[in-house]
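Alright, structures below, take your time with them.
Here chain A shows up in two complexes: once beside chain B, once beside chain C.
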Partner chain A sequence: MDEAVLDVDGLSVVHGGDTRIVQDVSFRLGRGEILGLVGESGSGKSLTALSLMGLLPPGLSRTGTVRLRGEDLTGHSEKQMERVRGAQIGMVFQDPMTGLNPVRRIGSVLVETVRRHQDVSRAAAREKAVEALAAVGVPSPGDRVRAYPHQLSGGLRQRVMIALALINEPSVILADEPTTALDTTIQAQITQLMRDQIQARGASMVLITHDLGVAAELCDRVAVMYSGGVVEEGPTRELLRNPRHPYTAALLAAAPNFDRSRTLAAIPGAPPSPFARPDGCPFHPRCDRAQDACSTKEPVLTVSGSARLACWNPHD
Partner chain B sequence: MTDTASAPAVTGTPVAAGRPARPPGRAGRLARMLASRLSQLVLLLFAVSTLLFFLLRLTGDPATTLAGQDATPDQVEAVREQYGLDAPLAKQYATFILRAAQLDFGTSVQSGANALTEVLDRLPATLQLALLAVLLNMLVAIPFGAWIGSRSDGRAQSIASGVVFVGQGMPGYVIGLVLIQVFAVQLGLLPSIGNASASAAILPAVSLAAFLVPRLTRVVSANVAETMDEDFVRTARAAGASRHTVILRHVLPNALLGAAALVGTQLAILVSGALIIEVIFAWPGLGALMINSVQQLDFPIVQAAVFTIAGLVFLTNMATDALLGILDPRLRRQR
Partner chain C sequence: MTDTQRPIMEMSGVSVRFPVGGRTLTAVDDVSLALYRGQTLALVGESGSGKSTAATALMRATTPQAGRITFDGRDITRLPERRLRPLRRHFQMILQDPYASLDPRMTVARIVAEPLHAHGFGTREQIGARVAEVLAQVGLPASAAGRYPAQFSGGQRQRISIARALAARPSVLVADEPVSALDVSIQAQIVNLLGEVQRTDDLAFLLIAHDLSLVHHISDRVVVLYLGRVLEEGPTTSVVASPQHPYTAALLSATPTTEERPRERIVLSGDPPSPIDRPPGCVFHTRCPVARAVCATDVPPLTVAGDRSVACFFPGEVDSGLGLTEVR
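After this line comes the complex of A and B, so read on.
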């Protein structure tokens, strides 16, 4: 395997010194690759992304190794991380309604971001801002740079958020549920836009979503997270056609599709709190394939071919 | 950090593209708004004047007081007649309101000068002190509050925030007296009386500001702390913004919008005359004039002063509203 753009090894997010909210997440993101992080809310997807950015909320800390294009970010100070954020890793957040500063013109924030990382004149930065808005499909970008967020629709605001994340050409984009807060028709547009932009720029992306449909459409590989850890990972097509982990299978069975003859199979119970994880496999209390071993020994993520799996009794 | 590109929107043209044509009757709406505000003002002034008229007459027989302690009954009667105090109350009231409507409050009992002129003469001194104090207040409280709020869990910030809380309970005149003792009496650096020299404004303005600073600091720091948790701040940090930029250009413009109303209120309180501070520093403003006139039962002056103050407070509040409407792009009318 050639050099990964982003190499995450043994990443945990720790609360109060001992509770691991995200535990031991490892993945490699190749150049131009889109990796999906899929799971229910509370599975640790967003915290994984925030920890990569060095933007964890107060009280949480990160352990493990993060390498970005070979550069180890582990020991980076806040000042050093500021230079990485927006320049080498960009992030798109879920809610475009609250994610943009209500009293700043969008162009002003775009210009500020360009000049933070590039030594260019204000006029040049402004040109880049207009170009960036045009690239993400904002109509009449020359006028829109002077707009305030409240003058734009939700879809347009999310396009602005994407422009903001992309404007300094980072090699990695973290997208945290970028379409969840949008109308269905807009969702498809934004999904396509993100794929096109990633491809056009040769960037890589980690896409966090609970929507398997979005993952299927966009991602080269998918990692399924449960209770803070990755339980299964593999090439998207393979993983969705032939899920081996019972949790992945259950997620697929619970996802709506156009086949009305099939009733949705809800997963019984709720994910455990990181403060009260069961012994053994964290999924075993909800698992229909649980055996004795599942409640005593935690399965380890094991590589098999191009996939990885953590389960004592997987589907074939 | 050299980027000062577009400071948070004080001026500027709104987006023209894609806007529908302006709705009809915008000028009409503005005129209606002004008319409504104006009628509110008239109503307010009427109510204040009425209240004042009766309050002043509840406190005893004005003629007796005006004539002085040693006056004979004849002299008292003469005074009563001179000021029209012998007429029935209703008639006195009608006369008063009719005259007040023409801004005629009579002449000062003490000086014989036109009461309103006397009041308006004092206005510049009060406005000068009020503006100076509010400005000083903002210069101290905004950076201080931003510092506390930007790291509200920090140790130094917690201590500072405790000091501010205690300071809020400190009456302004205590600070004034301490300042006089130190800077005027012991060090002899600054004048403590009157407004003859420019430096004379320093001590009273600092005293007033010291009284205002704790409250504004608390509001600014609370707003800053709250804004620090907003999604758009995380967006800015994810784009690589430095802490400095985050606080100055993302957090403060939002936090200050919330504090602007308080500054407006503080200014409104001060333009009505800083009663105690003006007396302590013998500052020839409205406050000192009012205290003196109340003591001397100089009705015309008191009435003219209260009338003026009510109008001033109203105008200050209206100006604050208007300013907020300009500063906050979400409230700005689409032009």
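After this line comes the complex of A and C, so read on.
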């Protein structure tokens, strides 16, 4: 992974000047790679994604650098970011209604997205829209361009969202819980579709999810977030087989699976608020391996081999 | 648990239909379930499967168009509310959203005491003592009693819902997706708590969920619903290890877990049909990977085979690919 498509360095999201809701997040996304940002509510995973797009809600600001194919986005104006969004970075959200206007036909939204970023005629853009719907498995795409979002099932709406994210052939897709609102059998369809499309186009993806199972299925690498920061990152299989951070291990032990001999191991307590983070490691009050150092000194994310880890007393 | 024991609550041949713009939506179609004390039954299905409607029919929050519901051997299918009310303390329900199901203007003590007042549980002191006892049982501090729901996290609120459901010492507890709104680490706390109260209170527990990997951890038996019909029923470990219905196999295969699998997932094509426009024959045939001509015309009856009931003309043909061997 020499040439990173997306290179994020020291990204923080700051509230009111001093509270860091996202803390010093760094990662590199290689070409064709799918990176999972996994965490529970409040871990900062969605704010990380929004800040990459320059879409932070009012009152929050970003520090750190974001490079997209070598281009530094840090100083970009809103106008410049508009050219990046939808053209170089495509977005897929949990609720497809967020990205689709309920009173507009899906074809017209697709056409507009094409013409905002490409100098093509309306007819050519319409052709592209039909092709894009066909590529994501929307049946009878020529007719469906005239449909309104509410006339489609949840699964079809998410396919339309993916078509919209891909239509300008961006190098990076940012997907925030893209399958969470869907039924299990539809979730499997959308997962397969995203994997195939990313592979076929040589694009890269950042997948934001709370579900390690979804990450296991789709991601090449996984970064686990807790209380605003990355605590562990590594190749998916290695991370799941041999989690080294106690939080990663605890999250795995709490997640249901098909091994009945194992009881679900709850993690005591709840994650801290960013406004009342404990000293030292933010996980130490809930950690079964915490030592004295953990409550006083915050561990730094350190590279070891192909993985990174922020822990004073990791599993072997 | 022996099969000769009488179920505490039962529904047999229940159908629930709603009129929708001159047409009929069949939410539940000829469903039978039996709940036994000391046992957990899981009712599993996706949106539109009828799992929540089946539970509301069982709780007599909906009156079914066909079939029979009994509590402790007594037919309550058409019992008027006035006569149903004294029985209601015996069957209690927990809902998915711990934010919507608790009255924000009431203190936790009042919320939890509500079923006790409704059923004339005893004196003010007795009610106070029971509230304290049940709050402790669900792992809430005594100080929680004087606070309001908004002061608690999602997981804590679900504990309050459980306390309210348990307060009047029910024999049946129904929980509709009790953890799907919660984070994984909190989910495990609540699942473990439900398992614990089910055992200590010797409850007949009906768990409604979409996630087979979750119900697998805490249920004794499982019923798989699709478009209102029972497709498979049996002991949970055995259904998960060797699903007989193609839909059960596909659902198991599609469930995201962190386990490594010997084979690719089964990906069903298309969407489930609408409950207003159900296909003839087997309700699953339009998406079934092994459907034959007969499946489009005839309805496969739910048939007992070994430890299982399966509604399929060609059971056992689809492998979940999970590579599980039966855990005993």
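Convention: the second predicted complex is superposed on the first by the 312 of 316 C-alpha atoms of A that agree within 3 Å, B and C clash if a C-alpha of one lies under 4 Å from a C-alpha of the other, contacts with A are read in each partner's own complex, and residues count from 1 in each chain.
One rule holds in what follows: a residue touches a chain if its C-beta (ideal position, glycine included) is under 8 Å from a C-beta of that chain, and two chains touch if they have at least 3 such contacts.
These figures come from a predicted structure and were not determined experimentally.
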Does the superposition put A:61 against chain B (first), chain C (second), both, or neither? neither
Quick one: classify A:251 as touching chain B (first), chain C (second), both or neither. second
Going by the contact rule set out at the top, does A:105 touch chain B (first), chain C (second), both, or neither? first
Could you tell me if A:266 is touching chain B, chain C, both of them or neither one (first, second, both, neither)? second
Check the residue A:187 against both partner chains and state whether it touches chain B (first), chain C (second), both, or neither. second
Based on the superposed arrangement, let me know which partner A:91 touches: chain B (first), chain C (second), both, or neither? first
First (chain B), second (chain C), both or neither touched by A:151: first
Looking at the overlay, does A:165 come into contact with chain B only (first), chain C only (second), both, or neither? first
Could you pull out which residues of chain A sit against chain B in one structure and against chain C in the other? none
Where on chain B does chain A make contact in their complex? 2-3, 5-6, 8-9, 12-18, 153, 230-232, 234-243, 245, 249-250, 253-254, 257, 328-330
Chain A-facing residues of chain C, complex: 46-47, 153, 155, 183-189, 191-192, 210-211, 213-214, 216-217, 237, 240, 250-260, 265-269, 271-272, 287, 322, 324, 327
Footprint of chain B on chain A - complex, ascending: 53, 55, 58, 78-79, 82-87, 90-91, 93, 95, 98-105, 107-109, 111-113, 115-117, 122, 139-140, 143-144, 146-148, 150-151, 161, 164-165, 168
Partner chain C, residues of chain A touching it in the complex: 40-41, 153, 155-156, 183-189, 191-192, 210-214, 216-217, 237, 240, 250-252, 254-261, 263-268, 270
